[in-house]
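Right after this note come the structures.
There are two complexes below, and they share chain A, which is joined by chain B in the first and by chain C in the second.
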Partner chain A sequence: MISKFQIASKNLLRKKSRTFLTLAGIMLSSWVLVSLLGFNRGYETALNRDIDNMGYQIMVMAKGCPYEAATMMLQGGAGLRYIEQSVMDSIAKKPEVDQVTPILMQAFFDPNKGDGGGIAGYYGVDVATYPGMKPFLRFHQGGWFHEATAAEAVMGYEAAELEQRQVGDMILVPEKNVQLKVVGILERSGTQDDGTIFVPLKTLQKISGIDKITTIGIKVKKDADITKLEAALYQLPDLQVVSFSQVKQTIMKLITTARIMVLSIAIIALLIAMVGVVNTILMSVLERKQEIGILKTMGAMPWDIFCLVWTETLLLCACGGTAGIGLAFVFARLSDILVRRILPYAPGGNLVAIDMRLSLLTLAIIVTVGLASGIYPAWKAGRVRPLESIRSDV
Partner chain B sequence: MTVQDGASLEAQDLTRVYRRGSEEIRALDGVSLQIKHGEFVAFMGPSGSGKTTLVNLLGCLDNPSSGKLTLAGRNIFGNGKPLGERQLTRIRREIFGYIFQNFYLIPTLTVRENVALPLAFYRKPGVEGEVERLLGMLGMAHRMNHLPAQISGGEMQRVAIARALVNRPEILLADEPTGNLDTKRSGEIGEVLQDLNQNAGLTIIMVTHNPGLGRLAGRLIEMRDGRAYENQ
Partner chain C sequence: MNWYKMNRLIVLGLKRILLPTMLLSLLMAAPVWAAISCELNYPARDVPRLFPDSTSYITTYFSFTKHGGPTLLRQVESRLGGVPALFAPLDVPYTLYEIYKGTKKVGYVHGVNQKGQFGVIEVFVSLDMKGVIKAFYIQKISGQWARKFTSTNFGKQFIGLSLKDFESYDPVSSKGSGKVAAIKNPAPEASTDFYGLLRAIKKNLILMDEFFYSAKKAQP
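This part shows the complex of A and B:
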């Protein structure tokens, strides 16, 4: 015997190219929609993870542009001005503070980097306190610095890979003609640490001839009032405070406009696909008007015909939606690369996070919108009167 | 509802008037007749004589403008109040099977699936195995898994007949069943219909232009200008 579902699915095979084009439209909409929803979630998760992996919740630096400073900090650039180390000692005494660590960021021009030279950035960290801020530091090779003044370097995974370095290799600090021995290579963390070259703070201060620091990283005690500490830090002269919740908000604000625009495009794409569905199903109903009339002479009620046509819509949307989600899974990496190119700041890790729950949510959206689109053609089909369809044949 | 009590379908003064703008077209003009269970009745007449309009009313595909239709003693169209599509469908699926000049087989379904199509919407008790039985009876068993495009016109009409009979209707309505067939195939379909009437006791109401086919019916009614004339 044959079911209504089989009748509906075989009906879709009548005009294969039309069905295929409609499916392609739904598939593309589904792909865009699931990728964007995945991006919305993935970006925020990646940003949170990046910030959590910093190990400290607040940064203090000399006054300047906070956006630039935050971006430089995240991307390993140089600070704008310098801070006396004594400032760090006074901050460390505050009751909310668990730990502080001094950081000096320096950049030197390397004529051998790329075509026509480039900037080589170094991150001077305190050998004793920095690992305490980053308990999750894992080494791919080697280990941490042997002493606070050692001429040594620890490289991030990608920095080492890019320069083809291994533990024991010597690297040359450009401009200064100082050699550093690579003592450790970090495991890939998916954060900015991957591209960073760490040097003991005192060593970098000696190389650069600067006995100050650019940044103070502050780890706040568990359950301490972070807002109260921020307010106290704002009172310090010539310093600016960047809390990572602010950084996160600022970055999220920067991408919100782009996100709204892209989401609007996705909604428009979805609506266009649904207009395609209405068109396909309506055309199919009009072409089969006589046949629908004959089905009614056989005993099909208006609701039966409505369900039959609605099932066709459901099949189109479910198949197109599933194929689109499949494509989104397959090309998630490509979406990731494209998104990274257009964003002002992209955190490490996967920017487009698509999982089963999100896939099902997208499929539910596509099917719901599709079924809503199918109501009119299905209602029209249900209203076909057998006599009129037979007459139109005469 | 059943008409196997002997009698029947009875029309009294059935009239159908259509309006085209301000013009009134009287397609059927007070037709009265009675068709008994097991009869094979053919309606013949020129185009526009009202034969299809009458068969549409007898088959509950349309409401009359006035008059009465009684099926197994039940007044179908009430007191001149038109029946809704749902009510007409309920009557149709219980009592009637239809075949038309154009076979209306679904091209993407096989012969077997086309015949089983009405069962997707309504299934009378005890029709299990009816698809295979009918296709065997109509000589189409070997074509069960073919698509309509792979069979001839005569075979398509046989499939349409099987589809009309799958829910065991009491009356088969055939509107120009051989209109699209050549003489040989028309003769074959005529024989099938005659066989169904004589051996299965099926009541058949047929509209045809084909005198040869008309002669196969036990009763011939001529339609002219919306009226029915019967040679006794």
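This part shows the complex of A and C:
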């Protein structure tokens, strides 16, 4: 015996173009919806991972650094402002602090970069404490520095690729003409480390001719009160405190506006698709009025007709939704690239994270909204009067 | 017009407009590059300097992934002396500036990355339609001797050379004869950079030959 699903699919296939276009509408709206839900989750996860990858929760830096540093140097200024190492020692004594690491950021002018020259940046890190802040550092080639004063460099993957360096190769610090041996190349991490050239802090201090630092990275104890520590750090003169939880909150606030706008678009797309569903099913009911009338004269009850028409809605939504989710999976990388181009700040890793649970949730939303849209045409079909419909022209 | 007729019109309209638009959008999707290419920092300024006769240029991309694949890559490496490139060579998109004088294409500007002593060397040449070097430009090179290589006198030695001149010289073993062998190293302490530059130019010319000049000759 032929099932309701077979009858429904045969009915839908009678008007292939119309069915295909309705399916396309549902497919596009489910694609948008699942991609958006994937972005909602993926962005936050990626941002959290980027912040975790920093290794420390708070950064303390001299006022004017690094925001004004480039401008100051380009305008012939004295360059960066510095922090005395003793400040770091006093911060390390605070009870909330687990670990601290000193950092020195330095930029040198390279006259042989293009026609007008360019800036080459180096990141001086403490050989002993920095790896403790970043236990997830992975090496593509080589390893960490051999000693605190070694004339060595560790390069991020992209920095090495850009400069075509391998372990054992040399790099030259422009302006100072100091040679450094590449001892390690990091694995690609999708973070700012990829483009960074790390140098032992003491080596970079010696090259630059200064004994100070620009930044202090602070890792807070697990159960410590970060807010209390931040409040204490704000009291330190000529220093600014950057808390990554604050950075995260600010970025998330900026992104929320974009998320709401895109969500509104997704809802509108879903509504348009559902209007398409109502239209298609209603058209199908009107075209088959006589047929429905005959079914009723043969004993079909209004509920049977209702279920038959509703099954058509179910089929349309399920197929369109599944196809849309499939497309979202296939084009997730493309969506990721587009989102990255639009957003002012995009963390590394996958921004659009779609998995099976999210796909099923989207399918459930599409099918539920679809079935709700199908109630009216199905109800109208169930109310068709047999004799009137058989006598009518359409 | 009744509901039914209106719907048929809408369906017809969508079939004729929506589907071709969707297909066109898919075909026009921009390419996404995986690795680092060698591009001019300021093409609008650099192209007229490298090709003074030009009136306009178009930026295009080519890669082994799109044409020739690993077989062609091995062929290019073998023509270069069998030393493989360092980072993901198959994925590297090569940026090519096609140069026009009015509506007529008059040549190309093309650059390659090459491993140097202290970092990457980015070197460009402008070529006429026969593959002869018209201008030579080093965009990036590191080392105290960099100015010696970027000097006009050093660059002049490459003008007028073509792939034919490089075929009689092996920049890997630094052995050979002819015009290329006669090019003087302005900084003997920087032999890696000097031979790297020669290799880069040869690689540049071989790539242009494989992808454009020979390909054009092979066309019926």
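Descriptive notes on the structure:
To be clear about the criterion, the second predicted complex is superposed on the first by the 354 of 394 C-alpha atoms of A that agree within 3 Å, B and C clash if a C-alpha of one lies under 4 Å from a C-alpha of the other, contacts with A are read in each partner's own complex, and residues count from 1 in each chain.
Simple rule for what comes next: contacts are C-beta pairs under 8 Å (C-beta built on N, C-alpha and C of every residue); 3 or more make two chains touch, one makes a residue touch a chain.
The structure presented is a predicted model; accordingly, all values stated were derived computationally and were not measured.
Contacts of A:299 after superposition: chain B is touched, whereas chain C is not reached. In the superposition on chain A, A:257 contacts neither chain B nor chain C. Looking at the shared chain after the overlay, A:235 reaches neither chain B nor chain C. Of the two partner chains, chain C is the only one that A:174 touches; chain B does not reach it. By the document's definition of touching, neither partner reaches A:86: not chain B, not chain C. Comparing the two complexes, residues 394 of chain A contact chain B in one case and chain C in the other. For chain B in complex with chain A, the touching residues are 52, 56, 61-62, 85-86, 89, 92-93, 96, 98, 100-102, 104, 106-109, 113, 116-122, 131, 163, 167, 175.
By the touch criterion stated above, chain A contacts chain B in their complex at residues 1-4, 6-7, 10-11, 13-14, 290-291, 294-302, 304, 385-387, 390, 393-394.
By the touch rule above, chain A contacts chain C in their complex via residues 17-18, 21, 24, 110-115, 158, 161-166, 169-172, 174, 177, 179, 279, 283, 286-287, 333-334, 337, 394. For chain C in complex with chain A, the residues that touch the partner chain are 3-4, 7, 11, 14-15, 18, 29, 32, 35-36, 41-42, 46, 86-88, 113-120, 139-144, 146-147, 150.
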